[in-house]
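Following this line, the structures themselves.
The following pair of complexes shares a single chain, chain A, combined with chain B in the former and chain C in the latter.
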Partner chain A sequence: MNVLKVSKTTIALFVLPCLLLYICLVFVPIVVSAYSGLLDWNGIGESTFIGLENFKTLFFNDSVFWPSVRRTLLFAVFSMAEIPIALFVAILLNRFVKRPNFLVSSYFLPVILSVVIVGQLWKTIYNPASMGGMLNGLLIAVGLPEWTRSWLTDPSIAMYSLYFVALWQYLGYHTLIQFTGIQAIPADLYEAARIDGAEGLKADWHITFPMNIPIFKISIVLAFIGSLQAFDMVMVMTAGGPAHATDVISTHMYNMSFLSMKYGYGSAIAIFLVCICLIATVIINFIFNRLDRKYT
Partner chain B sequence: MKRKRLAKLVTAALLAVMLAACGANGGNKGTNTDAGKATGGSTGPKAEKITITFQNIFPDPTEPKHGIIKKIVEQYEKEHPNVKIELDSLNTDQQKLKLKTQAASREVPDITMVNPAAQMQHFVEAGLLAPLNDMLGENGLKETFQEGILDFYSFDGNVYALPDGNNIGLVYYNKEMFEQAGAQVPTTFEEMLDVVKKLKEKGFTPMAIGEKDTWTGSFLFMNMLLRTSGPGFLQKVLDGEKTFEDPTFVEAVDAFQALVQAGAFQEGATSFDYNAGENLFKTGQTAMYYMGSWATGGIETSSVNGKVGVFKFPTVNGKGDPNEFMLAPGSGFAISANSKHLEETKDFLNYFMVNFPKEAFLAKGAVGLGQHVEGDFKAAGYSDMAMEVLALFKDVKGGDLAFDNTMNPGTAQGHLTSIQNLFVNKIDSAEVAKEHQAAYVSNK
Partner chain C sequence: MSRIAYERAVKRQIIYRGKRLSGIGKALVYALLSILVVTQLYPLLWLLLYSLKTNEEILSGSFFSLPASPQWNNFTDAIQSGSYLKYLSNSVFVTTITMLSVLLLASLVSFAISRFRWRYGQAVMLVFLIGLMIPLQATLLPLMLIFKNMGILNTHLSIILPYIAFQMPISVFILSSFMKSIPHEIEESAIMDGASALGIFSNITIPVSLPPMMTVCILTFISIWNEYILAATFISSQGLKTLPFGVYTFVSQFNVNYGAIGAYLVLGALPVIMIYFLLADKITKGMVAGAVKG
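For the complex of A and B:
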């Protein structure tokens, strides 16, 4: 393994700064949170060690927690379901558009807008018609007044309104990733396939999809982790309301740590979130490794 | 071989620079400590330079207090060339969050701001705030405060913060819209519901509220509770004399639901934050607005200025005294117990508070101060609405504090959510009372 011309000490020296930063900014806080999760602590004063009591309350005695987990996971499912659509869009762009860069950039535009701006924008769009909401105004204009809703304040649909905005914002992001992935596939493969009689969608199924699996996986992992950590969008648009109807794991954690002043309890939720992220990453890797083996 | 050594050298040098940069920060702190030994706010030429951090909640240049703080700080710095006051101005919510994070690592800024009573109790119990009794005695500062106001900031006989204001809850109303709808200022809750009906018939949105920030609805609800049960309900719950399932509490929930069901508030109220809600009133889109008297300044500078009057919240079911108000003693300036320049900071805050009412009066921001203000408001050009608000202050015969100033944060969050829920769901009032009791018991 002596292909590198530099010594191990040099490598270690170069890795060290990043490693230190990583340990200080990621690893240590996780460990500290894990410990705080075992405390009854308001974040300021004295703390008492209560073992797994926080987790017991969290799992068995918190009426907000499990619904917020369900919402978060549902969000993750929607986000992942979006990736095939993004892939499809990318394939279409690649095949039928002569100069796709402009379109890709325009799809990507919402991603570079700050979440606060996107949130405020959609809040205005979702407003009731009497407050000048565009969506409801449009529905009335096309003669569907019975379809109007108070999109963000009706507890039964508010969460779906939020999902939609997030999916809208990130479609361009994943399209761009997939698009780049597709462009990296060598053209001679398609030429060879054409000789064998595989064109269009058939070629996509047998070439584009398998060749693109590593990129597909990146998008899936990003979408999954991203949706588990969803916080800013919810905070800007509804702050978890009305009455917890749009609380996700991270907003529940925030409410507990900083508004209810149960810092220990909030840390317990944080640790739960870390665990879910780790487990999910392992599962996704496992599935894709098998897919990889099947196709290569 | 040589190249390898060079690479190592460069890396080592880089690391050294990085470490030195980290060290420099630590070093600065060290020198600060040394400077801290300089005593008093003396102007002696040899006094060492010190910096006092002043965390505050007035980042908005259109608000009078922003300018007042700047002005007094500049004056003080001119008189004390060795002292530099560093302003850390943040939005209320951001400041709350930042202070909690700082408190967790026990690094509270020299001067910060806390909310009264139950909300500042944690900080006091953790020993983070310095008692201010000694500096209150200097320059007659204590006498400038209104009677009893300092009680909200006192624990075990020590005062820990000095309020920037003292406000009451009242209803602002748009006189023009009332006139067009043929509505009169209501004195009973039934009349108020009738006003709502008249305004709606005319096509107006009767009331604005920013219920995304849940405290707004709670503040209004608490005023109804103050009417149905009289002052001190929450204290009685804390003392074990009453529970939330008390009939007077259920009655208040009933009244609140009646107002919501009558369509008093703008559609989608729970997605409007405090500012957006207030803007509806300030831009003439709603006819009424229930808020603390601190909103007066903002309404004066808005487009509805001149059309706005105020009235006391009416009686509910014939109960209660309109002269009992929701009391909102303001945020208080507090000093960190671990401040490296405790004496200088106290000296500055004393100077600041002594000059505060004078400067506030000049900046037309003296409505709802916690201190006595000398001067003729009318002659100084205060608006008619401001005069009306000032007149209401003279009628105050006690009242209650906001929910989160009396109960612990956990119970308060349960309450706030429960009230927000009433905006989107019609719920049996007895059920709401039960929810409150459950939240109270589980957070005891």
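For the complex of A and C:
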């Protein structure tokens, strides 16, 4: 029970500056968005109220929208598929490496770099060999010249090139999270397991895995919400091109609002994105609450 | 780490590890872990080599070769024609102001949520928690309109304000959960001595809360220092750009001088990498704490 009894003025003094700033800059814009999502408006001139017309166009008449949703979800799937790999690496690090901190820190290094740096770096790596691109150069050097591609301008492959960069950047983050999670599991459990005859990877399957479920939740929320919001990486590397082949929900929104000047329509997409994020968070929490109950 | 904690960690490690690996298994594990080091770090090393090459060396396409003689003029070109120092100082300014404001505002609110006896503490907390799920991109457009009407578009204020707001949820979350764990006896005796709420806040709570404040600093630093989209949308004057935006501008303008582009990317990455070398342990801990927000 909190003990500090204070006057209303004191409470206001502590809470209001921050709360007001926060509400004005986060919630008010969302409300404005929700309203302008119902308008036909180019952002400058007159606006007309058209009800749910924007959403109708979005769901039924927009050839870019559903593919962009599919790519966003695929992004989330790939990011989550990375988590078991990260767990495996974390187990190896914990089990077999004497001083794992150096390795963990090196894996983590890409995480702290700006998306602009990472995006431009990989753009350079993906360049054609004639422009000094590393990947194509490497393929030619190992005798696979037929595998060389224009990784970011070939519509059938550009999106996968982007997924790969994101996976590359965040592998270290997930590894670090799982690694820290494993270190927090009490040693007694492993001692008891050894007496019961479970050692090595078997102990990992029966102890590390279930004990790390709350940590999975952290990783999954991070991967899922992060992918839904995937934006700057795509903007920096392809801006949705070639011919919308790498558009995700948020870049579609950005292009509609800022390039096509359809503010109302862009706001409708923004609101769709907010809803998806909220729903995803609720679903993930629900699933993990059930898992928690099952295992504890 | 205290001695006892250290010994406990070592004992834990010994118990966890169990049997040692046989030769082949060991080789496999080390091979895998080393491959990962290469994939995670080689691109960065490659970039460094790239930045020291001449255009001819880059275009000749031998991806692992060393530069014949390091082209330091790539760096001088980049610094001079890319107004690197200007962008750098803008980034330092914006990040510092954001960090200080986040620390001040978030600790005030967290103190109120975790220590005051009042009815709406949990409600305020909930408001901040909902914010964790709201994507920043969804507010870009309305914020731009609002800032335009306020006449602050294309000033540092127009990016600092949303930066503060979007760092708030995670900071309040981290600080308030720490402050909840501070024992009440301390402030009870302080109340006996006649201390005010503000006095307790600044003389007791803040000094004890330095570790989570460090975490908040790190999280704010990493995300604000690297932020690109908001800066690119709200800022248009050359002289106001932050480093990531500056890097982007430079790279898209000088698209034939490969070496200088490489040099600029290296320069762009340099500050954060240097800080990482100094504070790797604190940064990784902070980032784990930051991930727990879900």
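The definition used in the following text is that the second predicted complex is superposed on the first by the 274 of 296 C-alpha atoms of A that agree within 3 Å, B and C clash if a C-alpha of one lies under 4 Å from a C-alpha of the other, contacts with A are read in each partner's own complex, and residues count from 1 in each chain.
Please note the rule applied: a contact is a pair of C-beta atoms (placed from the backbone, for glycine too) under 8 Å apart; a residue touches a chain by one contact, two chains touch by 3 or more.
Nothing here was measured: the structure is a model prediction, and the numbers come from that model.
Q: In the superposed model on chain A, is it clash or fit for chain B and chain C?
A: Partners clash after overlay.
Q: Just to be sure I read the superposition right, which of the two partners does A:L93 touch: chain B = first, chain C = second, or both, or neither?
A: second
Q: One more residue to check, A:S130. First (chain B), second (chain C), both or neither?
A: both
Q: Touch check for A:T10: first (chain B), second (chain C), both, or neither?
A: A:T10: touches chain B and chain C.
Q: Could you tell me if A:S150 is touching chain B, chain C, both of them or neither one (first, second, both, neither)?
A: First partner only, chain B.
Q: According to the stated criteria, A:Y263 is in contact with first (chain B), second (chain C), both, or neither; which is it?
A: In the superposition, A:Y263 contacts both chain B and chain C.
Q: Chain A residues in contact: does chain B have more, or chain C?
A: Higher number of touched chain A residues: C.
Q: Given the touch rule stated above, what does A:N42 touch, chain B (first), chain C (second), both, or neither?
A: It touches chain B, and chain C stays clear.
Q: Of the partners chain B and chain C, which touch A:H244 in the superposed model: first, second, both, neither?
A: first
Q: I'd like to know which partner A:I195 touches here: chain B for first, chain C for second, both or neither.
A: A:I195 sits against neither chain B nor chain C.
Q: Looking at the overlay, which bit of chain B runs into chain C, 60-68, 78-86, 96-104 or 348-356?
A: 96-104
Q: Overlap the chain B and chain C contact sets on chain A and report the shared residues.
A: Looking at chain A, the two contact sets intersect at 6, 10, 13-14, 17, 43, 130-131, 258, 263.
Q: Across the complex, what residues on chain C touch chain A?
A: 9, 11-13, 15-19, 21, 26, 29-30, 32-33, 36-37, 39-41, 43-44, 46-47, 50, 58-64, 105-106, 108-109, 111-112, 114-118, 121, 124, 127-128, 131, 133-143, 145-146, 161-162, 164-166, 168, 172, 184, 187-188, 191, 197-198, 200-201, 222, 225-229, 233, 243-245, 247-248, 251, 258, 261-262, 265, 268-269, 272-273, 276, 280-281, 283-284, 287-288, 291-294
Q: Which positions of chain A touch chain C when the two form their complex?
A: 1-6, 10-11, 13-15, 17-19, 21-30, 32-33, 36, 43, 89, 92-97, 101, 103-117, 120-122, 124-125, 129-132, 134, 137-138, 140-141, 168, 171-173, 176-177, 180, 183, 187, 190-191, 194, 199-200, 203, 217-222, 225, 228-229, 231-232, 235-236, 250, 253-254, 257-258, 263, 266-267, 270-271, 273-274, 277-278, 281, 284
Q: Taking the touch rule as given, give the residues of chain A at its contact with chain B in the complex, in rising order.
A: 6-7, 9-10, 13-14, 16-17, 42-46, 123, 126-128, 130-131, 133, 150, 152-155, 237-239, 241-245, 255, 258-263
Q: Which positions of chain B touch chain A when the two form their complex?
A: Residue positions touching the partner: 4, 7-8, 11-12, 14-15, 18, 96-97, 100, 103-104, 122-123, 125-126, 128, 205, 211-214, 266-271, 273, 408-410, 412-413, 417-418, 420-421, 423-425, 443.
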